[in-house]
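The next part holds the structures, each set out as structure tokens.
Each of the two complexes below includes subunit A, the first together with subunit B, the second together with subunit C.
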Partner chain A sequence: MEKFSLGSENLDLRIRIAELEKELADYRSGAAKNSNANGHATHVLDGEDDDDDDDEQNGLNPQDQDDKAVKLDLDEFRRYGRQMIMTEVGLDGQLQLKRSKVLLIGAGGLGCPAAAYLAGAGIGTIGIVDHDLVEPSNLHRQIMHTVEKVGQPKVKSIISSLKRINPNPKYIAHNYALTPENSIETLEKYDLVLDCTDSPQTRYMISDACVLLGKPLVSASALRSDGQLVVLNNPPGEGPCYRCVFPKPPPPESVLSCGEGGVLGPVVGAMGVLMSTEALKVLLSRADKKKRRKPAHLSPDIRPADAKDTPKREESPEQKKFYMTIYSAFSDTPFRTIRMFGKRKTCQACSPVATITKESMKNGSLDYVAFCGGKGSGKYPPLTKDEVINVEEYNKLRENKEGGLLVDVRDDVQFGMCALENSINVPITTILTLPIAPDKDGIDGGERTPVPIPSWLPRDTSTPIYFICRLGNDSRIAVQRLKKSGLVKGNVIKDIKGGLWEWSRKVDKTFPLY
Partner chain B sequence: MAATFTVLYFASAHTYTGKSEDAVPGPMAVSKLFPYLEEKYPGFRKKVLSSCALSVNLEYVDLTEDADKEIQNGDEVGIIPPVSSG
Partner chain C sequence: MSADTIPITVELAGGLELLFDNEKKLNIDLPAKTGTGDAANINYLVDYLCVHHMKDTRREMFEINGTVRAGILVLINDADWELEGEGEYELQPKDTILFVSTLHGG
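Then we have the complex of A and B:
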């Protein structure tokens, strides 16, 4: 038995050796032919790559930018052949990709698939900005991060995955958060930027920096089952910027992160993949297409003999059009493409009356957080000490059967996933529809029609009311909103601080964290 | 043709209204649309519409520049809030 397996292993190896020898012979003859024909082939391997991830902070040489002497080696012909034989790519297109430097901001749900395809396509230099660490809740959609990378910096994790797809590109890790102060410096070494971030303020900031630096920007986003994709400032100075499309930021209380609002993995994945396509389109449009021949049937030299002469039409340069693609995964017609008008005449960033400058970005005088209404500040009301209880204290009350009325304000889907025993579900959206009591010194002292009291509220004043939610934010809003309604008089109303997340960490470790 | 045009609600507009679309009686000037929707869905304007892009028949429409543009019955209007997550 052992002899037999050794024998078959030996045979496998012989076959493999024969294959490799044939490949090597093919390489040699192919190389000779290629170098005679067009001089593109070279045996020189890129000596640039160190395998050490920590070594990648070294930045870019400005000379790289103009390196027209980029060539493809034989491995690269093989690796990129399937895309190179496309009319849209060709050798000149592939060389253009190799010459290009692309920056992805964000190594999350959008950045992972976008980077995977750009690395695969043979972009010469790929930079990635992110300051986060890989978390288990990322893994359902951030496909470059894997179980064993949990806890690692995302940039390190994504680059090690990208190297396994394609070791050829130069990968540059920017393991920090992009700020107005460092954005110009970070972006200026690249040819093209992909906005794979997750907040309105970074979207405006990146767009402004791209306008100031004359870089095209591929911008996409996704939440729940919706996605948006738009190529901005392309060509630089002509196409609209993010401010042209959305001049007013969304009100901060309406902005949800994927953690708050949820997101379907393939939806954000699809948007990331589409970003990589748009990025390739922008880069390939810069390739030297003069050498291209038209297909024979369109070539004026080869025409059927009986073809009539048509008057020559001057090919007018095409009017550049701008589009935004909207994806609604659960809609019967999931994709829609909206035609945009060009730049906004009054745009603060890209119009002739623009006020945003490199200096105002670099010195930090532009406050994007304030422009976007300061998410975090003012979103959740401050509560007094008497309005808050921590999870341990509340647990003690429960054990003594003094838990009162426990109101879980998450939506019904989350309540259905897991909930504390004896809690009732009144979603925050319902609580926000409670009436607001008029001021005590109302102008009219007249009779008011009494507002019906919702059935879930206790009718006595002795039952305390405790609000809980996932993380302890909505429950704070609920406390304040119920007080404002004037519907309960005298009852203790408290927020359970830190919500179910804290409950799971401090009281009951078997309660699911999500 | 029905005497209405269709309003499509994307992203947070869909969440706010709980619907993917509405049939709205037309014709109607662009400038009248948001007040109309605010009446139908109180709070919609401040919380969602204020930052939305608007499209009519897949063309971006600017609320100030195209304020007088008439939305015709049979048109398709898109309410497009900025999505910023990713």
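Then we have the complex of A and C:
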């Protein structure tokens, strides 16, 4: 009996198990039906890749063919869903981003935020060029670098940070300086370039390479509380290039780096973020939204947003206008968009009369440093031996109370940060307003109203005057300028070589370096 | 005497304000005619700014060969001056002229 009852119980359980298994099977097939939308869409896009002529017209490399059968896995739907549900993105847009190869040149204040958002957005391949090492003075704005990365190559540091944001993209480190010789080879594998560098010569070089390779270029820059952003050579061959906008380089003495002029972290950060937006816009414009009308469960006429997309693509290039965005953080109207002239008919790089070729770049015959007037060459006047004193010698004089008049020519903000005891502050801009002594012919060199002898100058001829600044450049100008003024006669006037930087390194290590 | 002067606004950005004692905006009544009787144009404005408003003595940081130096964008009412005739553009009342130095930092 017991055995029999166990047997019938066993049978009941078997029936129940069968019922549950059927339920589970039904549930699973239902779930599959629900997820069919995704599967279907992916399939449509696989098919879509058969006719990718448009992409090639837009500058994608034909050798990218093997990358084009791109799909998204379920984790990627989760990860990118928030941007994919935007009409500007969609599945087609997301797949386009995944197919794309973007090169960032510079892993600094612009490159860090730009790369972070591009990595986050799911760009398929991200290359980064930089040859610098992470320094403590980078950390206030270069947000992908952290304390423990100081001393590491920037490309290594940024890629390790980007992987923590999104491990999916393929990251390529170019741990070298971009040169005319290697720029073509470096850029040609990519679809789009971001110029995140910090000098005029690299900006001309990158623009030239992008024109020659038919790559759009997102270019931005920042200094102090200002930023500028422009998308160049977009679409390739139609939009102006950097040389169209700035045919002549600025005089080198007018060029300031962030190290010289200073920069507010979020200002350069904002420009970097805007660069990533512009990069996404360029890439998304290549996604073929026409294909969106096809999903079987949606009729085209209930998606009016899409109806607009088609005519947009047909827009004639003649009507396209080109703009630059300028940002002045402390201005009442911080963001402004200004309309640019556009392509220049005589442009050396992108016009029919262009003279710059891939060969001239590759063989190094283009000297961008010389074109831009040489970095700092002629920027600061040469001084004779007896117009210069080194920090150790000056320190000895100070110890013997023979320090004379020590004039710090930094601006008042920097003087307020740290200054040598008993130094006085006369900013270089004030020194430059000194009158210039009339020359022999009695012609007044300066046309401004004559300035009376400034109160800070010694009235006797025995007090030596020493000029100091942060790095020993402006102090040289001060020496030369004071001599030209003819306001002091007979006094020793000297530049303290290497400035406060040298002072801190060789005399007083407790003096702040910045 | 409105015919004698043209009221315009000059804005300075990208670091050029440092040449003008940190003034980012100048409201100027520009003489309508130059010394030689020509209508005031942008090149005249550049010279006028150097003489009357610039505090820094390095004139070459702003003006070279009678016009703005390379590396300064000039915007006439928010459009590139090349769309308007560059230095020859004759100023109109209430124009806003923006001088922006190109930046290279990053």
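Just a few scattered comments:
Everything below uses one rule, namely that the second predicted complex is superposed on the first by the 408 of 514 C-alpha atoms of A that agree within 3 Å, B and C clash if a C-alpha of one lies under 4 Å from a C-alpha of the other, contacts with A are read in each partner's own complex, and residues count from 1 in each chain.
The rule we apply is simple: a residue touches a chain if its C-beta (ideal position, glycine included) is under 8 Å from a C-beta of that chain, and two chains touch if they have at least 3 such contacts.
If you're wondering where the values come from, they're calculated on a predicted model, not measured in any experiment.
With subunit A as the common reference, subunit B cannot sit beside subunit C without a clash.
Shared-chain residue A:Gly108: touches subunit B and subunit C both.
Contact with both subunit B and subunit C is seen for A:Thr197 once the two complexes are overlaid on the shared chain.
Once the two complexes are laid over each other on the shared chain, residue contacts for A:Ala222 go to subunit B and to subunit C alike. When the shared chain is aligned, no partner comes close enough to touch A:Leu13: not subunit B, not subunit C. Shared-chain residue A:Ile453: touches no atom of subunit B or subunit C.
Touched by subunit B in one complex and by subunit C in the other are residues 106, 108-111, 196-200, 203, 220-224, 226-228, 245-246, 248-251, 253-258, 261, 263, 268, 324, 326, 328, 331, 336-341 of subunit A. Partner subunit A is touched in their complex by these residues of subunit C: 13-15, 18, 24, 51, 55-58, 60-61, 64, 69-73, 75, 78-80, 82-83, 98, 100-106.
Of all residues in subunit A, only 106, 108-111, 196-200, 203, 220-224, 226-228, 245-246, 248-251, 253-258, 261, 263, 268, 271, 324, 326, 328, 331, 336-341, 344 touch subunit B in the complex they form. Contact residues on subunit B toward subunit A in their complex (touch as defined above): 10-12, 14-15, 20, 46-48, 50-51, 53, 55, 58-60, 62, 78, 80-86. Chain contact summary for the complex, subunit A toward subunit C: residues 106, 108-111, 195-200, 203, 220-224, 226-228, 245-246, 248-251, 253-258, 261, 263, 268, 324, 326, 328, 330-331, 336-341, 429, 432-433, 446-448.
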